[in-house]
Structure formats: structure tokens, C-alpha cells
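First chain written, first letter: the chains are A, B and C, and each begins at residue 1.
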Amino acid sequence: MFDAVVNNFPFLMGGFWVTVKLAFFALAGGIPLGILVGLGRISRKKWVYYPVTFYVNLIRNIPLILVIFWFYFVMPIIIGSPLDPFPSAVISFIIFEATYFGEIIRAGYQSVSKGQIEAGYSTGLNYIQTTRYILIPIALRRMLPSMITQAIVTYQDTCLAFVIGLPELIRRATIVDNLEVRSIQLYGFVAVVFFITCYIGSLMSRRFEVKEQEGG
Amino acid sequence: MIQIKNISKWYDDFNVLKDINEEVEQGQTVVVCGPSGSGKSTLLRCINGLEPFQSGEIFVDGVSVGDRTTNLYKLRTEIGMVFQRFELYPHMTAIQNITLAPIKVRNKSKKEAKAKAMELLERVGIPDKANAYPANLSGGQQQRVAIARSLAMKPKIMMFDEPTSALDPEMIKEVLEVMINLSKSGMTMIVVTHEMGFAREVADEIIFMDEGSIIERGTDISFFQNPESPRTKDFLDKILI
Amino acid sequence: MYLVQGIWVTIKMGFIGWIIALSLGVLIGTMRISPWRWLRFLAGAYVEVFRNIPFMVQLFFWYYAGPMIFGKSIQFQINSIIGLNYYVAIIALGMYTASRVAEHTRAGFSSISRDHHQAALSTGLTHPQMYRYVIIPYALRIIIPPLTTEFLTIFKNSSIAMTIGVLETTFMSYKIDSETFHGLESTTGACLIYLALGLAVVKLMGILESRLKIRGTIGR
């Protein structure tokens, strides 16, 4: 009954691997960038605050698909030669997800009480040290559940790289479907893969939430 | 007025009330104190049917609370309750908070309900705040509105669940004053509180509860000066500086 | 221009999808906190399934695999409906967003403390009265900000429908590129359109929020 899936399993799972890789790079780039974006959003220096805010509000209003497209067209013009889908997708994702992580982490920064920062300064630490050793760790720990949720969203969004031809899971499923037309099995399979992985992810996130509340 | 007989209650496995017996006569003010988790708040909620209990009986003015045929909604119109966090409806003004139940349950006209509400607001000392929203009122003011809201239904009994625990110190007095006046006017009251000054002034009986049982009872003098049980002594030591 | 046609499709998808999402979502959210265990389970299962599977996957499933569920004969009929992708997209969008609306609704209700319920009941109100005059108006005001975000998101997600060929804004910008190679301009134009839509939604919900605020909301 699941013959289409079983026969093409290696091929499909190759797509899953691409999905995971894309998500991984997106997060590896998006989260650090997000940490910086968050800092920019709470900055008091106008030359930092306004551009960053503009960038964040711009990206958050546009669908990811459009960002992916836009990048795919823009990059060749700047570089002079067309890009492979994977790098293009990674960069688009990093730029996109950084704004979302940025906002989450910003909320984390704002939840750190002024007292804790002042305590850091009063022991002689400078801005970079205070930020690095006090502000960021506390903020990240607090926002861990939200960040995990957003990471899961990023993972789900990798599907959208479909439109620039990236051979991730759903595109491969479509390719097989065009050959064998076992749509229910194939797309059902994709759905189940995502459901299981995301559900486990959200359970983990809930575990962290409880731990966070207990730890304080 | 209130008869509590052998009340026991479990939350799943946890025995929160263990064979409680108590009688409150009309016009009496009973103060209940004890550490957190001792079951005092739960006991209050059993009296007006907000929480069910597994064994025993409670009679309020002859009505059996545990009886399946009892109309609990009607019962609650006779018992007023004031909560620790005030619980005013945030989307309504003070006067709307007070008039909601009289209009919807007792079918009073808006005019009648409003007039009575203004009377009550005067009684608790804030007639000028009638059209204010809870967000614009101080904690003490909110709690006084909450008291007025309960009184609007002309209950026979008033219950208070740690009414001043969430208040800043400067506001505790204004609320306690309202409660003292209420007690002196003859209202039957059960008050869960740690405010021993209040207890000394108006309590006819003070009950100490711990871990679901009533450990000790006394009138104000005997309770504070000669507590019998070591647990009571311990507790009083902690709360009386 | 093509883009203009696309905008109209995007707007229609967004609004109709939103209506489906709101009605279905609030219903499911309410089921999630109802006293009946099997209702809670059903609603919970719905939310988990629709939340954990990416929207695009859902869309593909309904569009390609969906008709097959009904058996060969009906399948053929369904597939010959003109503009099927448009209808499937709207319904899929509605069902997906409904799961998110359900979560917001549930969170809104959960945030109202038990004591608050009890305070209302202690004045003698019946349960239906309590829900009507106290709980529901309060919950509504709590969930408006998250619902605004969802409304915004629905317009963004409508762009995903382009993958099944719906002629909406993003698809059109792609089409323009493939025909005229002016991809940069067309996608920039599309970006601006989404920005404008976003602003409009925020404005709209802002008016709603202030209308309700005048009646005095939670100052929290």
C-alpha cells in the first residue's frame, strides 16, 4: 500500500536531509544575527535603531516566499552570475529569520531588569562585557521556549525553498508524484514526517518551559 | 445560620479538608487563620457551593448545600464573597460591576440598581469613583468596590478570602474599616485573614486551621493569650511581630 | 497589469480565509476548554495536526491528494472544477489559520483566573450569565492583539498558494519575470503591495482595539 513511499524512500529521505541542512544553516546564521538585531532594536543610538527597525518591520510584513524570490533575482545582479538554490535559500532564510528571532530576543533583553545590568557595570565591566556575559545569556535562557517554537517554524518554512527548485523533501515528493501519481501516500508521508518531528519539537519546548519556571 | 458538619474534601488523592465541624450564628463574625494550604479558602468555597465536597453536610439558613436538588445559584445570591485579588470585571466601570447581578439576577430596573449602588459606594467611602474603571482605581479602592458589589445583592452572609493580602500597607486600613463597620452593623461574616488587629476588634470567634483540620478555636482573648496547641503558638509567633 | 489582478486575488483569499479561520478557530478554541473530555481531545488533536504540518504541505495534500480520497469518479469531477486551486487554497488557509486562532482563543480564556469566574458566580450569576457578561467580553479583548498578528500572517501565507498555481500577487510577480525578465521590479512591487496590505490590517485592527478600549479595557 505504501509502495510509492517505500520504493523511493532513499530519494525522499535525501530530500529530508536537505530540509534539515537548510534549517540548520538558517538557524546557525539566523540566531546570531538575531541576537545582534535585538541589540540594535534596543539601542539608544539613532543611527543604529532606525535602520534596524526599518529592516525588521520591512521583512516581517513580506511573505517568506517573496523574500526567497527577491533574493534569487537580486543576487545574480550583484554578483554577476546566477546562484545555486541552496546558498540563495540559506541567505534568504538567515535574513528573514533573524528578524523574527531578533524580536523574540529583544523581548528577552527587555525582561532583564535594569538592576542586573547596573550590577554588572558597578563591578567594572564595560558595555561589551556586560552585554556578552550578563544580558545575552539571561535573555536567551528566558526566551528559550519561544526560540524553540520559532526554530520549529523555520524548519517548517524550509518547504518554501521549493519555489526556487531546491530538492528538499516536498519537491522530491512532487517529483515522485509526477511519475507515479500516488499523491495520498506521498504527501501523506511528507505530512507525517513533519508532524512527528514538529510534535516532538513542541514537546521538548514544553519541557523547557516547565524547567524554566521551576528554575526561575 | 451556618452549620458545617463533618466536612471532608479530596482533590484526587489530596485530603484538603478533614472532618470539619463548625457553627456560625447569625450576626457573628468568625475569623479563620492558618498557614497557606491549610484549606481555609477551600472551606469558604464549599459553603457557597463553588467547590464540591465528598462527605459531610453544610446547612446555610436551613438549606443543604450538598443536596443535589439545591439551587446553588439562588444560594449564592444570599452569600456574598470578597476575593484576595478583588476580581473586578475590567471591562466595566465600578458602578456597572456593582449593578450587573442585581439587574440580571434580581431583575431590578437600572434606575433602582444604580441608586442602591451609589448608596453602597457612599457606604464604602468612594461615591466619586462610580464611573471609574478598575484599572484607574487603587487596590484599596478596588477592594471596596468589590465589597459593595457583594453587598448589592443584600446577602445574609459575607465571606472574605484574605481580602487585604494583596494590598499595599497604606490601603489595608481603609478596607478593614469597611469590614469592621459591616461587622458592627450585625452582618454574619466569615473572614480568612492574617490581620489580627481586625480579629481582636470584632471577632466573636477565631479558628486556627492547619493541614485541613481545625486545630484550635477561641474567643479573641483566650486565643491570643493562651493558645493551647503548640502549632497555634508556632503560627502566632510567626505572624505577630 | 498582471499585478493588479493578483492583488485582488490575494485580498479575497485573505478575507475569506480569515472569516473561515475566525469562526472555526474560536469554535475549536472554545472546545479546548470545554468540560467534556472527548471534545477537548478532538479540538486538541485538530490543533496539533494543523499546527505541526507546514502550510505548504497541507496545501499540496488537499490539492493533489485530496480529490483522490473521494474515489475515482468524484475525483475526476472535482479535478475538473475551474479554479479549483483557488478554492482549495482558501479552505486550506482557513483551516490552517483556524488552528492558530484556536490556540489564541484558548490562551485568552485560560488567562482569566478561576477566582474571576468564582467572583462572578458568587454574586448569584448563573453560568450562562457569567460567560455572557463577564468572561467572554473580557476574553475577546485579550485576544485581539494576537488575532491581529494572525490576520497579518494570513495575507502572507496566501502567497504560498502560488505553488499550486493560484494567480495571486506573488505568482504574478514571478510570471512577469518569466515573461519580461523584469523580476527585480516585479518582486519589489509585490513587496510593496504586501507592505501596504500589512499597514491596512494593522490600521483596521487598531480601530477595533481602540473602539473596545474606549469602553475601558485592561490597563495591563
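Keep this in mind: a contact is a pair of C-beta atoms (placed from the backbone, for glycine too) under 8 Å apart; a residue touches a chain by one contact, two chains touch by 3 or more.
The structure presented is a predicted model; accordingly, all values stated were derived computationally and were not measured.
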item	value
Contact graph of the chains (line, ring, star, complete, other)	line
Chain pair, A-C or B-C, that carries the greater number of C-beta contacts	A-C
Longest centre-to-centre distance from chain A, chain (CA-based)	B
Averaged-CA centre spacing for the pair chain B and chain A, given as whole angstrom	52
Chain A and chain C: spacing of chain centres that average the CA atoms, whole Å	22
Intercentroid distance (Cα basis), chain C paired with chain B, Å	44
Multi-partner residues of chain B (at least 2 other chains)	none
For chain A, residues contacting two or more additional chains	none
Contacts with 2+ other chains: residues of chain C	none
Chain A to chain C touching residues, read off their complex	58, 61-66, 69-70, 73-74, 77, 156-157, 159-160, 162-163, 170, 173-174, 177, 183-184, 186-188, 190-191, 194-195, 198-199, 202
In the complex with chain B, residue positions of chain C that touch it	113, 115-116, 118-126, 129, 133-134, 137-138, 141, 215-220
Of chain C, residues touching chain A in the complex	48-49, 51-58, 60-61, 64-65, 68-69, 152, 155-160, 162-163, 170, 173-174, 177, 183-184, 187-188, 190-191, 194-195, 197-199
For the chain B and chain C complex, residues of the former touching the latter	45, 48, 50, 73-74, 76-77, 79-81, 83-85, 87, 89-93, 100-101, 104-106, 133, 135-136, 146, 149-150, 152-153
